[in-house]
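Please find the structures below.
Presented sequentially are two complexes of chain A, the first with chain B as partner and the second with chain C.
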Partner chain A sequence: MDPSLYLDRNTWVHRLDPRTKMFLLIGMFVLPFVFLDPLYVLAVLVLVLFFGYLAKALTNLRRIWFILVTIAILTVILWSIFGSGQTPLFLFVELEALLYGISIALRIDITVIAGMIFLSTTRNEEVAIGLVRLGIPYRFAFAVSTALRLVPTIVATGFAISEAQRSRGLDLESGNIIQRIRKHVPLLVPVFVSTIRSTNVFSMALESKGFGAGSKRTFFLKTAMGWRDVLVLVAFAALLAGAITLSLAGYGELEGFSR
Partner chain B sequence: MGVNGEREPIVQVSGLGYRYRGQKEAALRGVDLEVGEGEFVVVMGPSGAGKSTLCVSLNGLIPHFFRGRMEGEVKIRGHSTRDSKVGEFTREVGLVFQDFEAQLFSTNVELEVAFGPENFQVEHEEMVRCVRNALEWVRLEGFEGRQPATLSGGQKQRLAIASVLAMEPRILCLDEPTTDLDPTGKLGVFEVAEKLRDRDDVTLVVVEHETEETLDADRIVVLKDGVVVRDGSAREVLRDVELLEGAGVMPLQVARFFYELGLGEQLPLTPEEGIEEFRRRGLEVSLERHEELVEADREREESYGEPIIQVEGLTYRYPNGVVALQGVDLTVRQGEFLAVLGQNGSGKTTLVKHFNGLLKPTEGVVKIGGVETVKQGIRRLGQRVGYVFQNPDHQIFSDTVFDEVAFGPKIREMEENEIENRVSEALAAVGLEGRGGEDPFTLTKGERQRVAVASVLAVRPEVLILDEPTTGLDYAEQKRMMELVERLNEEGSTIIVVTHTMWVVAEYAHRSVVVRDGQVTLRGTVREVFAEEEELRDASLRPPHIVSFSNSLEVPVLSVEEMLRVTEGG
Partner chain C sequence: MKEVLTMWRHTQMVVLVALSAAIYAAILIPFKGFPVVPGAIEIRPANAIPFVVGLLFGPAGAWGAAIGNLIGDFFGTLTLGSIGGFVGNFFLALLPYKMWSAYFRRGENTETNVDSGKKLGVYFAIAVLASVVCATIISWWVDLIGFIPFTATLVLVVLNNAIMGIILGPILLLALYPRIKRFGLLWTEIMAPEEVSASGLRRVGNILVWIGGIGGAAAGLVIGLTGAAPGGLGIGFVVGLFLVLTLVGAFLLGGREQVEAAEEMMGAEESEPERAG
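What follows is the complex of A and B.
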C-alpha cells in the first residue's frame, strides 16, 4: 500500500501556490457552515466534489469512503433520535431533526473531503513553504509537515507489527469492547518504541544535513502567486460573500428544529 | 600536500573519549586516528565497539547534539569540532546512517536530495546542479519524481547517500550502509563507494561488518570496547586472522584456511589468490574425503521424517494484481533445515508467510501436517508453525522478559504451572535462563532477537520460521544465534530460515531453495545449490569465499573446517 496521500498529477490546482490552496481549504471549511438547509449544504458538497474532480483528486476518496459513510450514518441516526422538530415522521423521529442530521453529516464529510483534496494536491514541502511565506518560522512549519508525514509511516509500521503479533496467536477480532482494547497493547507498545527509535535517527539525519544551520534557507520548489492564484482567490471570495449574503437574506435556513 | 610531501590529514582524532550521559561505560577511550585526504578507510568491530560513536564524532553531532562527556579532540581540516556549531561540520562531513527508512522524509527523490543544500542557502540554479550531480553519482537519474517509499532498499540507501553528497562534503562517512540490504542492494552501494574512492577530493570512512567487502579499502581500523586495537593497510589487517577473531570480526575464509594449515606469513586473501597459493604449495584435495561429506549429506536427507509442509501449485496475487508467486511446488519434511534464498521482492517472504496462514493462496494449496492452511486459521497454525520476524522490536511489548515469553502460552489459556515450565524451558534454550525479570528494552539487539525466538519456542511449534535472524548482529552474535537454531534442529524442530547471509546458509542449513521472480529456480542440498555459481549469480547471489575457492578445485565444501578435512599434502 502506498502510504502517502499526495497524488503527483499536473493539474492547475496542483500548480497553485500553496498559500492559495490553504486559503481555499479554510474557505471550504467555512462554506458548509453558512447554511443549514440540507439542499444548500448538498450544493456545497457538489461544488467541493467538482473542485476535487478538476484536481483529479477524487481517487483518494476510495481510501476513506468507509469513514465518510460511517460518519454520515452515525450523525444522521444520532440527530434523528436526540433532536426534535415539529413534523412527526415515524415513531419518535421528526422531519426537522432528520434534515438537521443530514446537514450536519454533510458538513462533516465536506470538511473531511476538502482536507483530503488539499493533501492530495499539496506536497508536505509545499505546506511548509506556504506556512513560511505566511510568516511562520521554518522550524514550526517543518514540524507541521513532519507530522503529516509521520501518520502514514506509523500506519505501515503498525501493519508489520500486527502481522508479527497475529503470528504469535493474538486475536483482535473476538471479545467485548474492553477486552478488545486491552488486546491492542501488544500492538501499541511496539508502534511507540519503533516510532521513537526511528524518530531518533530522523533527528540525527536532519541535524547531519544542516537543518537549522542558518537562520534562513532557500527552497528548491519555486512558488509564486501568479494571475491564476489571484483569479481563483477572487472567484472564491466572491462565492463565499455571495453565500453569506444569501444566508443573511434568510435563505438556506432550517425552520422548526430544536434540540 | 603537507610540508613533507605527505598528504595533510583531513581528519585528526586525538585522545578521543566519549561517555553518553547515563551510561557507566565509555563508548570510546583514547582514540587516535588520522585520515588523509582521498583515503578510503573501513572501520570494523563488534557491536558496542564504538563505531557509530566515532562516526557521529566526525561531523560534530558529538559534542553538540548528544549529551555526554567528551575528552580529547576531533579536528576536521584543522578546525576543532568543539569550537563551532554542528552546521559547519555537517557540510564538510556527510553522514549516512544504517536505517535508510528513517532518514528519508521528502515526497520525492529530487526534494530529498535538495534538503541539505536548502539548509545551506544554496541559490536555486546551483542547487539544481548539485541535485543532478548527486543523483548521477548514485545512478538514480530518471528517478527525480519518484516517491522515496516506492524505491527498493538499495535505491533508498543510495538516495540517502545522494542527499548527503549534494552538500558536496569533503568527507563521506557511511555507518553500516549495507546491513539491511539484499545482495543486489549491497552491490549497488558498493559500486557507488568504489566510484567515490577514485575521487581524490572525497575521503571515505565506512563502517562495515562484512569482511569480504573490505578488500578495496586503503586502510582498516579495528575497534573493540571503544579502543583502536589495530590500524593498518587493508591487506595487512586482513591477514591478521588471530586479531580479527579476537576482536569479534569474521576473518576472510581463504586467509583463515591457510592460517589453520599453519602456512603463516603472506596469507592469500581472495579465492583467486588462494587457488594460486594452493597450487604453489603443492596441496591436493582428497576426493575420498570429499565423497564422505557428500555421503553424510545423503544420509541426512534420508533421516528426514514425514512431509510436514506441502506446497502444490501455489500462486499468490496481491490485491493490486501483482503476481508474487507463480506455480510453486515445495515439500518440507520433519527435521529439515531449509534455507530460502532470493532477492527482496523475489517472493521468498510471501512464500513462507503462507506456512503459518498469514497469507492465503490465490491458487493452489498449502498443507501443514496434511491439512490445508485455509481450514486451520492462523491461531491454530501458530501452535505448529512458529514465525520469528526480522525485527524483534516489532513484537516485544512486555515489561519483563518473562511476560514477553509467556505471551503465547497465556493467550492459549494454559495453566500457571505449565506456563512457568514453558517459559523457563524456552529461556534456557536461547541462553537467557534466569533473566526473566529483566526489562527486554534494556537488552542488546542480539538478546532481544533471542527473546523473540524464545517467545515463539514457548508454544513448542514443530516448525520454526526465522526471517533474517542474523541481520544487524555482529559475527559473534550471529554465530551464537545460528548455533542455537542448529541445536533446536538437532532436538527435532524443523527449521526454515529466510536470509541473505550466505555463509550462514553454507555453515548451518542443509537444504536450500532459491526463489526468483516468484518461482523456485534452484533446489537441493546446500552443497548442490552452492556448486551452481552461474545460476546463483543470475539470481544476484554469491556464495562465500571458501565455497567459490572449493568450487574452483571441483570439490564443493561449505566451511573452512570442511576444506581442511579434504586437503592433503604440501
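What follows is the complex of A and C.
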C-alpha cells in the first residue's frame, strides 16, 4: 500500500521547478481568501480543478473525496450556528450565515485540493531540493525528505507487526476503549524500536559520506527555472492582482453577515 | 531555547528528527483511530508519540513531531491550517522535556522513565498542559484564518492528545526508555550542556507556561461562547497574548540541568567498574 499521493505523469505541471509549484501552492492558499461571496469562491474552485485537470492529478480526488465532503458539511453547519445574518431562513439559521459557511467550506476544500495537486505533481526529492533552493537549511530539508521517504517503509512494517501480533492472539476489537487503546502498545513499541535502532548506523553512514562536512553541497537532481516557470508565475501574479482589484472595487463581498 | 537550533549540529539528532517524524506520520495510517465523530474526528494512538519523542529526544522530538504532523497532512489534508498543526505539535513535544526538570530539585533523579509515583504525576500534569497549549495554538490559528471557530476545535483537540498521552504515554516510556538509553540516543546523552539553554528562571517559566496555556484556552472559550466574533480581534488578540506568554515561559525554562545530570550519571556509571576492578 503506497500512501503517497504522487502520480508519475509527464505533464508540463510535473516539469515545473519545485519552487514554482511551492509559490503556486502558497498563492492558491491566498486566492480563496480574497472573496467572501460563495459564487466567486466557486469560480476559484473551478480554476483549481481545471489546473488539476491539466496536471492529470484529479484521479487522486477519489482518495480524498470523503474528507472534502465531510469538511464541507461540518463547516457549513458550524458557521450556520456561530455566524449571524439579517435574513432568517429556518430555526436560528440566517441566510447570510449559511452562505458564509458555504464560502468557508469551499475555501477549505480549495486549499485541500491545491495541496493534493502539489503533492500529486511533486516528488519527495523535489520537495527537499525546492526547500533548499528557497534558503531552508540543508539539514532541515534532509530531515523532511528522509521522513517522507521512510513513511511507506514504516507503514509496511506497522502492517506486518500488526498481522504478526494478531496471529499471536492480539485482539484489538474487544474490551472497553481504555483496554483497546492499551492493546496498541505491542504494536507501537516494536515499530518504534525497529526504526530507532538504525539511528547510529544511519548517522555513521551519513558522516562517512561527508554529511555536514561543508557549508555548500551539490545535488544529483538538477532543477532550474525555465521560461515556463516564469510565464506561470507571471500569469498567476496577474490573476491574484486582478482578484484583489475586483475585491477592492467591491465585488465578491457578502453583505449582511457578521461573525 | 537555543537547543532547538544547536541540535542540528549533531548528525544523530538530525536522524532522530527524521525518524521521529516518519514514525509519527506512519503510525497515523495503519493504526486506525477510535471514532468520536465518525469519518471526521478520531482519537488516534499516534497522538501519544509527541510526548514520548519529546521526553526521549528533546528538541529532535519537537522538530520530529512538527514535521511528522505536516507529513501526515501530506497524505491527506494539506491546507493553510497545517501551519497551526506544525507549530502546535512542535510545542506538544517541546513542553514535556522543557518543563520536566522544573519539578525536581537538584540531585534528584530526572530520568524521563516515569518509574516512580512523582514522575508519573509530573508526566500527567505536563501531558495535560502540553495538550492544552497545542490545542490552543491550533484552534487560535484556524479561527484566525476563518476556517473553524475556536470553541469548536479546542476541546476535541485537547481530548484527542491528552487521552492518548495519559493512557499510552507512560507505558511507552517505560518500555522504550531502557532501550533508547542502551542505544545511547537520549538527547541528554548526545548534546553538550553549553548547547542547551540555562534555566535560571525555570520556576517563573513554569508558571508563565501554565498561565499562558490554561489562560489562553479559557479566554478563547469565554470569548467564543459569549458571542465575541470568531476570527475577530477578540480571540485573535487576547488568545494571542496568552500564547506569547507561553512562548516567553518556554524560553525561561532551560533544560541544561537535565544534560548536566545525565553527564554526572554517565560519569558515575563509568567509574563504577573501575572501583569494582
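Convention: the second predicted complex is superposed on the first by the 188 of 259 C-alpha atoms of A that agree within 3 Å, B and C clash if a C-alpha of one lies under 4 Å from a C-alpha of the other, contacts with A are read in each partner's own complex, and residues count from 1 in each chain.
The working rule: contacts are C-beta pairs under 8 Å (C-beta built on N, C-alpha and C of every residue); 3 or more make two chains touch, one makes a residue touch a chain.
Keep in mind the model is a prediction, meaning the values are calculated, not measured.
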Which of chain B and chain C A:193 touches, first, second, both or neither: both
First, second, both or neither for A:108, with chain B first and chain C second: second
Contacts of A:164 with chain B and chain C, given as first, second, both or neither: first
Chain B versus chain C as contact partner of A:74, first or second or both or neither: second
Which of chain B and chain C A:185 touches, first, second, both or neither: both
Contacts of A:8 with chain B and chain C, given as first, second, both or neither: first
Contact breadth on chain A, by residue count: chain C or chain B: C
Contacts of A:202 with chain B and chain C, given as first, second, both or neither: both
Chain B versus chain C as contact partner of A:210, first or second or both or neither: first
Which superposed partner A:219 touches (first chain B, second chain C, both, neither): first
Interface residues of chain A shared between complexes with chain B and chain C: 3-4, 146, 157, 185, 187-189, 193, 197-200, 202, 207, 211-212
Of chain A, residues touching chain C in the complex: 3-5, 29, 33, 64, 66-67, 70-71, 74-75, 78-79, 82, 104, 107-108, 111-112, 115-116, 118-119, 137, 139-140, 142-144, 146-148, 150-152, 154-155, 157-159, 162, 177-178, 180-182, 184-185, 187-189, 191-193, 195-200, 202-203, 206-207, 211-212, 258-259
Of all residues in chain B, those that touch chain A in their complex: 56, 59, 61, 65, 85-88, 90-91, 94-95, 97, 99, 101-103, 105-108, 110-111, 114-124, 127-128, 131, 145, 147, 149-150, 160, 163-164, 167, 353, 356, 358, 378-379, 382, 386-387, 389, 391, 393-397, 407-408, 411-412, 441, 455-456, 459
Contact footprint of chain A on chain C as seen in their complex: 8, 11-12, 14-19, 21-23, 25-27, 29-31, 34, 37, 39-40, 43, 45, 48-49, 52, 63-64, 67-68, 71, 73-82, 145-149, 151-152, 163-164, 167-168, 171-172, 175-176, 179-180, 183-185, 229-232
Touching residues (chain side chain A, partner chain B) in the complex: 2-4, 6, 8, 123-125, 146, 149, 157, 160-161, 163-171, 185-190, 193-194, 197-202, 204-205, 207-214, 216-222
